[in-house]
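Look for chain A in each of the two complexes below; its partner is chain B in the first and chain C in the second.
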Partner chain A sequence: MTRARSRTPVLVHLGAGVAVLLLAIPLLALLVDVPWVSLIELLSTRDSLDALRVSLIVSLLAAAISVVLGVPLAYLLARSYFPGRGILRAIVTVPLVLPPVVTGVALLSGFGRQGWFGRLFGTGLPLTTAGAVLAATIVSMPFLVISVEGAFRSGDGRLELMASSLGVGPLETFWRVSVPVARPAIVAGAVLAWARALGEFGATITFAGSVQGVTRTLPLEVVLAYEQNTDRALALSVLLLAISLAVLIALRGRFLPSR
Partner chain B sequence: MSLVLLTPACSSQGLTVDVYAGSSLTNVLQSAEQMYESRNEGVDIRLNLGGSNTLSRQIAEGGGADVFIPADAGVLDDLPAGRVGGEPIALATNRLVMIVPAGSDIPSAGGEPTPTEVLDWAGSLARCATGVPCGDATDRWITASSGLPSPGTITIENNVRAVLTKVRTNEVDAGLVYSTDALVAEGDVEVVPLGSEGPHTSIVGVIIGPTDPDGDSMGRMFLDYLASDEGRALFRDAGFGQP
Partner chain C sequence: MKGLRLVDVAIERDEFTIVVSATIEAGTTVAVVGPNGAGKTSLIETIVGFSQATAGVIERPEGSIGYVPQDNLLVPHMTIRDNVGFGSGVAGPDLDRIMDELLLADLARRRPADLSGGEQQRAALARALVRRPTLLLLDEPLSKVDVELRRLTRTVIGEWAPPDQILLVATHGADHARECDVVLALEAGRVVALEPATVVAARAPSRWLAEFFA
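After this line comes the complex of A and B, so read on.
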């Protein structure tokens, strides 16, 4: 340990120090500005509580759907070889780099009242909680897929080969061998996906709108509150920060490798 | 180093005028910018368009605006006194209207549906947030006209153009915007006038000072242009009322 530390160049320390400052300064400034005295009062308004409830429902559902659908997708990308796999991977990961507003506009074309979905079913997903969950899922699933695909890829497939030579069927092999081996990556990916879903703003406001108690999540409430009452916006921001930090710290200790 | 060279150089020569303006003024100011720049070679009108309150906050925090034209004069009250350089110049007026997607089939007793009939029919409504000018105008209208039916789903947007988009793309059944926004989306939306209760807003421009004297005089010239007969005509063509 000591030796490793003494080898770290000064320049690296310097870079790391500046990085910590850049990340920490806005958070510290936020904590200084927050009206602590009236915090509970500001957070217990009907609007704030509604936003908290919608945020928790939407982000947890988005993370759950990301796991249920993303793990099979990651497995396919890691273990199967088929033409167009590179293109598929690009499609899966493009929401990572696309501005969320663009994702929201694309969602309108696909699932809006005037979009494909609307023409098929006569109604769209905008202004519904399902729409907010869809927007959050699309922007957060790539985090899970990337994390889990790496884990599936780094396993060399020998365990799976062994299982199938013992007469275990492919589905059972996937469920009993591949998934448990990739579990730390699945948990890490699920946490990342959840965190991204919790912070989601652009796709949600563009696609799902800002309906109180239905699609208005905490980030949307922060932006709205910022127009009316800066104190409430700050209080909501600190709430969002507290939830995120609590979950990231709790899970880091329990599930993620903390070398 | 390069930052120091790039940014102030333009404005210290007085060639760039930073104009912060409410999003409802997008189209008219884009036309004015084009006209003004073609007349005055070397002058660059730089538009920063957005929610008036957000812009006001940016100015209060030291944003480099030379001219500020919010969607309603009331926004100026929030600016720190030291940043407003001189008296506001009246440019135009606007009024709130209700819009519905073109081709909406609204049951109506008379020939044209009334706002109440629209709200009775609409399942969803988009409006501006309380606190932004179009949202405050919406609140004034609701207070003035008692007993309005409320659609089941109301989405609240941070600026008037977001409301317009929601109606224009037919994702909501109705919305409340300025009459000039409705004009921009002519063909996509139909206007339902609010009648005598329909609130008006007044659009004024002010010089933001005193950080940049050269920019200020250039800003004054642009404001004078907007208040001139030619500028007034641009506002009129865009559907604004005369001040």
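After this line comes the complex of A and C, so read on.
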């Protein structure tokens, strides 16, 4: 059955049209300007390949750490009742709204050479790949936690009660019942976290710096390349765009309405 | 403690508070009957420990508890065999036997979603029976089981029961209730009868019960 629709005012059409133009023009211009003929060549320079390698290592590790630590955190937020849960949720959500540069400065205070970590261990994480991974993890983990917390919350906990009544211990119940039931949300959350980590710029450059082959990820390389060779910056941008589109298509139907 | 004792157990519900006091001796079968929304499921889930009473004391018999809820609560991504054997204290030969007796052997590798409602009920029942629980609670366990399998299923329930087992079964079937030793009738959260079916049928303490046994 097709429902009859009321007429949409012209002004609404106009606003929506301008919005679409604003969103589409830069992408369209990027696709037009990209030197398609020399694309492969531009992407296979030493700098580009180093950046691609660092980006893949950093974003995949950040996504993996987000899953390993974020799933338990999401479970706790969804299923446990304890004082300070609201504060805990705020700490988890803050990186979503905080300017990434601020996250980077905060990371310097916490894990920098002159920060808490540095004073304790005599060294810091800046200028290391571990530092870039830490920055990417902090900005991306909230995406996973929020996605998975919703899945844990929508289960009412009765399956877990049944497992417990069958003599199954809490850890085995978590591992064999709760986690598999939430698996679609965990996969979606991991992909979102990975995409966010791949695009991470502000916290990384502030905290981990821009060292070729160590902390210089694709977004950092794009900004650097733009000052030397616009074509290479465009080529790298189109690579990131392609990856982002692939993520959108992979997640279509889960987060994006298909019509 | 071998029996089941409920002392002034109070369970808050939106519409009313369920209040139950009852002592059920070991080896007794109890039919829990009452109109829809009378509090049968709430009472059973409180005895199992899925929800908490707001007041009162529940003393359960020693040993394991078996529960078959209306929604079966089979783990969706596990096979039927893994579901039935899930948890502690299930011996391999027992698992094979219960799967055979409840006609689940051919469905062993399937997942709950691939089964009919009646097959799911039989799987959830098998999971409860195989542990030979001293307290077995069934919430309308045969509602979706094919009519021709109901007799068989009830026989299997009896065969797997340890001698001192207490069985509480919420049912809409008057025949089923008559087969139990005692009828516990709930109406709007109150126990209106706790006595053998013949006595309840003769006394008919409420209009609903009179019609139920008519």
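In this text, the second predicted complex is superposed on the first by the 223 of 259 C-alpha atoms of A that agree within 3 Å, B and C clash if a C-alpha of one lies under 4 Å from a C-alpha of the other, contacts with A are read in each partner's own complex, and residues count from 1 in each chain.
One rule holds in what follows: a residue touches a chain if its C-beta (ideal position, glycine included) is under 8 Å from a C-beta of that chain, and two chains touch if they have at least 3 such contacts.
For clarity, every value in this text was computed on a predicted model and none was experimentally measured.
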Joint occupancy of chain A by chain B and chain C, clash or fit: fit
Chain B versus chain C as contact partner of A:217, first or second or both or neither: neither
More chain A residues in contact [chain B versus chain C]: B
Touched partner set for A:114, first chain B, second chain C, both or neither: first
Chain B versus chain C as contact partner of A:66, first or second or both or neither: neither
Which superposed partner A:48 touches (first chain B, second chain C, both, neither): neither
C-alpha centroid angle, chain C to chain B via chain A, nearest 10°: 160
Partner chain(s) touched by A:209 [first = chain B, second = chain C, both, neither]: first
Partner chain(s) touched by A:228 [first = chain B, second = chain C, both, neither]: first
Chain B versus chain C as contact partner of A:127, first or second or both or neither: first
Minimum C-alpha spacing, chains overlaid - chain B and chain C, in Å: 49
Residues on chain B engaged by chain A in the complex (per definition of touch): 51, 53-54, 124, 126, 129-132, 135, 153-158, 162, 166, 169-172
Chain A residues within the chain C interface of the complex: 158-159, 161-163, 165-168, 176-177, 180-181, 183
In the complex, chain A residues that touch chain B: 108, 112-114, 124, 126-127, 205, 209-212, 214-216, 223-224, 227-228
Residues of chain C touching chain A in the complex: 48-50, 64-65, 67, 69, 71, 73, 75-78, 86-89, 127, 131
